Amino acid sequence: MSLFPANSGPTVRAVHDEFHGDLLEVSMGPQHPSTHGVFRMVVTLDGEQIVKLKPVFGYLHRNHEKIAENTSYLSSMPYTDRLDYLCSMTTNWAYALAVEKLSGQAVPDRAQYLRIIMAELTRLVNHSCLVGFLFNDLGTSFTPLLYAFREREKILDLFESLSGSRMMCNYQRFGGCRVDPSPEWLAAASALVDNFPRFLDEYETMLTGNEILLARTQGVGRLAAAHAINAGITGPVLRASGVDYDLRKVDGTGFYPRFEFRVPLGAHGDTYDRYMMRILEMRESVKILQQAFKTLPAGPIMDPKAKLRGFRPKAGEAYGRLESPKGELGFYLISDGSPNPWRYRVRPPSLINLTLLEEMCLGHTIADAVVILGSIDIVLGEVDR
Amino acid sequence: MLGSGILKGLGVTAKNFVGSYHDPARMVTQEYPDTPAKLPEAYRNFPFLVTENATDPMGTLRCVACQICEKECPPQCIYIEKSKDKKPDATGKPQLYPAVFAIDTAVCMSCQLCVEVCPFDAIKMDHVFEVAATNRFEGLLLNREQLAKPNEYFHQIRPTEAAEVDGRLTAERQAAAEKAKAAAAAKAAAPKPTTPVAGVADPGPASPRPATPKPAEGGTAP
Amino acid sequence: MSFALLLIALVLLGSAAAAMLSRNLIHSALLLTGAWAGIAAFYLWAGAEFVAFAQVLVYVGAVSMVVLFAVLLTRQGATAAPVEFDSYKRVVGSIITAGGVGGVLLGAIFGTPLDVPAAPSPAALTVRQLGLQLMGPYAAALLIVGVILTVALLGAIVIAAVDKPEDPAP
Amino acid sequence: MSMLQACLVLSSLLFCVGLAGALARSNTILVLLGIELMLNAANLNFIAFWRYGPHPGAGTGVIFVLFAIAVAAAEAAVGLALVIAVHRHRKSVRLQDANSLKG
Amino acid sequence: MSVVATDSFLERAPLLFRDWIVGHFPVALQWLVHHLLTITAILTVFGLFFAFTTIAERKLLARLQNRLGPNRSGLPWFRTLKLWGLTQPFADAIKAITKEDIVPAVADQVLHFLAPVVIVAFSLLGFAVLPFGRYLIPVELDAAILYFFAAGTATELAIFMAGWGSRNKYSLLAAMRALAQLISYELPLILSVVPVVLVTGTLSTRDIALAQGGWTWGVLPHWHVFTPWGFAGFLIFLVAALAESNRSPFDLPEAESELIAGHLTEYSGFKYALFFMAEYFGLTALSGLGITVFLGGWQAPCAFLEFIPSWLWFMGKLAGMIVFFIWIRGTLLRLRIDQLTRLAWQFLVPLALLNLGNAAFWALTSGWTGPLALARWAISAAIVIVPFFLLGRRLTAGYAPRTYRYAA
């Protein structure tokens, strides 16, 4: 009797729930435009509202830690580039820090300054990139992202002319840095840094006061401070919740105590705060960089006693951590005196910050979930390792 | 006021629109195949082997097949087989040479560790990035012949580093030659002094041949 | 008999019948939208442009949306199951009833001596005339319809609104 | 068969289709749609009489149809709201299930 | 509608051309040829307009984003001729046509096929009543405005058919969103036009365009947008038109970052191109309506510019509107579905209703002159500006840029 074939009805496998009516289970990812890589969220929706969210990751697992345990200390260095591939300078540094701690190597002053310069430039790269992607998740037609990329390109060009590669810098070494920047490089970098606030101002004029942005981000994805601390969340995500915890201040990593900078703190812990944390941190990074370029000492960039090959730290363990742009990035190493680490473990900030995704998303809509994920700032290379 | 933020945003995009026509700081696009990419000297892509003499690339490889790079290579993409015989190197000292030297560029991650650990300045990073192959296995597995590039080429892509390397090498070789001469003088009884500087590389652009070798045409499988 | 009328009638009756027969609710709703559009085409054919556009605007634009919304919102658990007919008894009964009613209607139509003018005058009812009539003789009716619509809107919202949870979440 | 009769036949056939559908189906939405069809069939008559009837100049038929459309829209809105409300309480859109006055 | 001989040749050229062609046919067929020619002309002009809108959008967006945009495609056989990439749309069209058409196995085949057809067919209907020039109205209807909105309604159905028929969860979500969005914005869209109908007293687009003729001192055109109620109406119309045509910042049904491509997720090749085409046709038609209703239609902005033929003015204004929409798209971010509907019901609809009253006030006080005219302006402006502020403040209550503290 029917005009059309009977195998009809909505496509959805509805999750029937006695109390909530019909729920819709959507598997967002691993191929989805805004999961920032091969990340997957199994989202259960009531209408557009999220009632359950299960993050699924591991699609980019590359066995990083086990590989590192089977190669020499030096050979792991290029692999750390691939952890957080937006911030290879800081991952390099964190790893070098751990190894230096393990072997008790000293780092010359100039190298310490260079490391801070590179780390802060990386912070600019990462945060501008992240903010751009966040706006893409919010539905702009790429404009803010491309403005951010335009500035990021300039920094990446600097990285390339220094280290030979734009993103896989492989720059830090145990006991120093690989290449000494020329005065021209330093001048170019200094000029770039001086111009960076102009970009930030323009960016903020364009978007920070935008009513749609305020409505889309304020009050969305709130994260309470106590909850964040319990989950071990670090970095701008934690500071957006109002917790004053910045390893640059807490640990005084490297020569950071010699620089004057402030740590911005949020009050609401929502997506807008997380966005603003990035903007404000970029402004502070510019300050650090300007001081560093002014006070950069001359001298060697490598510890003369440092050995490139045949490097065998004495048996023991060390944990080197760093305030990477995404949070506390730590490398935990155990040496048994052999050329390879006996145990090699990464504490990836992306992964740990991701653990509270469901709590942040519950009750919000699917559009918000994408934005919240974007504001956490994950890099799947680091999450999955 | 509702809408003021939106109007400001429209203003910024309009500014960028106008700026993209006259401001090179805003319009950063390079039209790549038309205007060739300008690579910084430090740029690294895949390694190549330095030869002293472009006319006899296989005879004058600086590589002595010490296999350090093979050992240190993080993704293990270098494969070396030592030669059975020895050939004299630039200083005339008989050295092993690589009978097989292959790099799988499909695996190589351009980390430059091989360059850093090489004690002989025999392997360097190339600037050629337009590599494409139709065969994933043979097309990207480069052998000794494909990897070898003359020192002049090295000078061309990395003048600063090459000059420094050559300066160091010449100093070493002179030292070696003087040592040999001193040894020869000491061995005055010996009737025939060896000719030590047979193959000293001429670092300058004295070579009559055009220094640029063809960029590695990865597409042609051997 | 005009060819256009025949065509309209065929499309109209066909889609209406298909809508009533379809086991897929969405298809039913969409086919019915087609039938409504056919009715608009009939109005257009009859020269009542304004009514035709109003029909499209209200039925195709609004009522069909509400129907589709209702269908989607009342999707049950495993809704893939087609909406089956009830017992054959019921179907047959309803067809007999409808046929009977139809017979009565047709009998009435053909049995009544209709006072048909020889040549239908060209119906020219401009929008202005319509508006004047609505605002003049029919102003009261217009007001009442306005009130009805408002009340219906409010009522629909009240009925369909989600009940407040008994204990508001702390 | 005059044009008027043809229109009336069309309208009554449409009415029958709507009636049959409303009676035969048990899904509330479909019943509602059948009733809408019947309403529209009635509207066809107004237009037919306006166009081919004895007094084509008067706009009564057209205006009546306009009012009918407005009221039908209201009816559809309320009816479907009822369907949704019933569905929320009963988890069913079958007419037979909505058989008690107490929600 | 007779062509006045005093008009410039260019003004009359399209009509003369049409009459010349029609004249070649036997009298019995002339009406048919006449209409077919009109249809062909609309399809050709707006087909090309669509094609160049796509390239303009890509180019302009690129420039907004400090990129170059497509500049590679030239002509076959003339390799050196680049033409600034202007032939890109034709290359795109060839690509779209030759691409494989993939229909999911579980999709509702009929609806999946019908949706793009329906949407294109109905999005073209709106063009029938737009006055493209002084004499260029395809169909003169008494109730043209009503017709225009009626013709646009089917696009919503088509989007629903696409979203539901694809049997994809994202598509289904998009279909729901599209329904909610289009229902919400139909109302402010129509309400924003009603004041003009009220003041001009006609539903005919031709008469509305004619009513905006004339200039004060030869430079200030009497367009509706230059009255307080007209300006407010135009703004509401712009926002609602953006939403109705699913353009950013209201592109929720195809929200790329959330729903992949929404109702278009399961479409490829030519069907996708049809949707794309329909979206632009809809946008163009709505812009055309906005121009007709608020921006003086084909009227020249100044008396001394009247020598330019009216249809060129219309197309120029149309291009301006499109550029503005592209600019908006390049700047703004997307709203959320609840904010979208809230914007419609709590802001646009009340404002539009007030604006209707405003227009009534304007029509009633048309006799005020001298200082009273100023008062009329002031009162009318106050009627829209004060609610704008109040409603706007309510809409953005709780949202403000923040200041931040720093750790000690």
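Which chain is which? They are A, B, C, D and E, in the order written, and residues in each are numbered from 1.
Quick note on the criterion: a contact is a pair of C-beta atoms (placed from the backbone, for glycine too) under 8 Å apart; a residue touches a chain by one contact, two chains touch by 3 or more.
Quantities reported herein were computed from a predicted structural model and do not represent experimental measurements.
The set of chains touching chain D and also touching chain E is given as C. Counting C-beta pairs in contact across B-E and across C-D shows that the higher total falls to C-D. Ranked by distance of CA centroids from chain E, the top chain is B.
Farthest from chain D, judged by the mean position of CA atoms in each chain, is B.
With centres taken as mean C-alpha coordinates, the chain found closest to the middle of all protein C-alpha atoms is E. Inter-chain centre distance (chain C to chain D, centres taken as mean C-alpha positions): 5 Å. Our note on geometry: chain B versus chain C, Cα centroid distance of 79 Å, whole angstroms.
The mean-CA centres of chain A and chain B are about 33 angstrom from one another, to the nearest whole unit. In whole angstrom, the spacing between the mean C-alpha positions of chain C and chain E is 29. Touching of two or more other chains is recorded for residues 2-3, 6, 9, 12-13, 16, 26, 28 of chain B. In chain A, the residues that touch at least two other chains are 4, 7-8, 10, 143, 147, 150, 206-214. The multi-chain contact residues of chain E, meaning those touching 2 or more other chains, are 64-67, 108, 110, 164, 176, 330-332, 396. Against chain A, the residues of chain E that register as touching in their complex are 61, 64-67, 106, 108, 110, 164, 166-173, 176-177, 248-249, 251-252, 255-260, 329-339, 396, 398-402, 404-408. The part of chain B that touches chain E in the complex is made up of residues 1-3, 6, 9-10, 12-14, 16-17, 19-21, 26-29, 31.
Residues 60, 63-68, 327-328, 330-332, 388-389, 392-393, 395-396 of chain E are the ones that touch chain B when the two sit in their complex.
Taken together, the chain D residues at the contact with chain C in this complex read 1-10, 12-27, 29-30, 32-34, 36-37, 40, 43-44, 47-48, 50-54, 56-57, 59, 62-63, 65-67, 69-78, 80-85, 87-88, 91-93.
Across the complex, chain E is touched by residues 26-27, 30, 33, 37, 40, 49-50, 52-54, 56-57, 60-62, 64-65, 68-69, 72, 126-128 of chain C.
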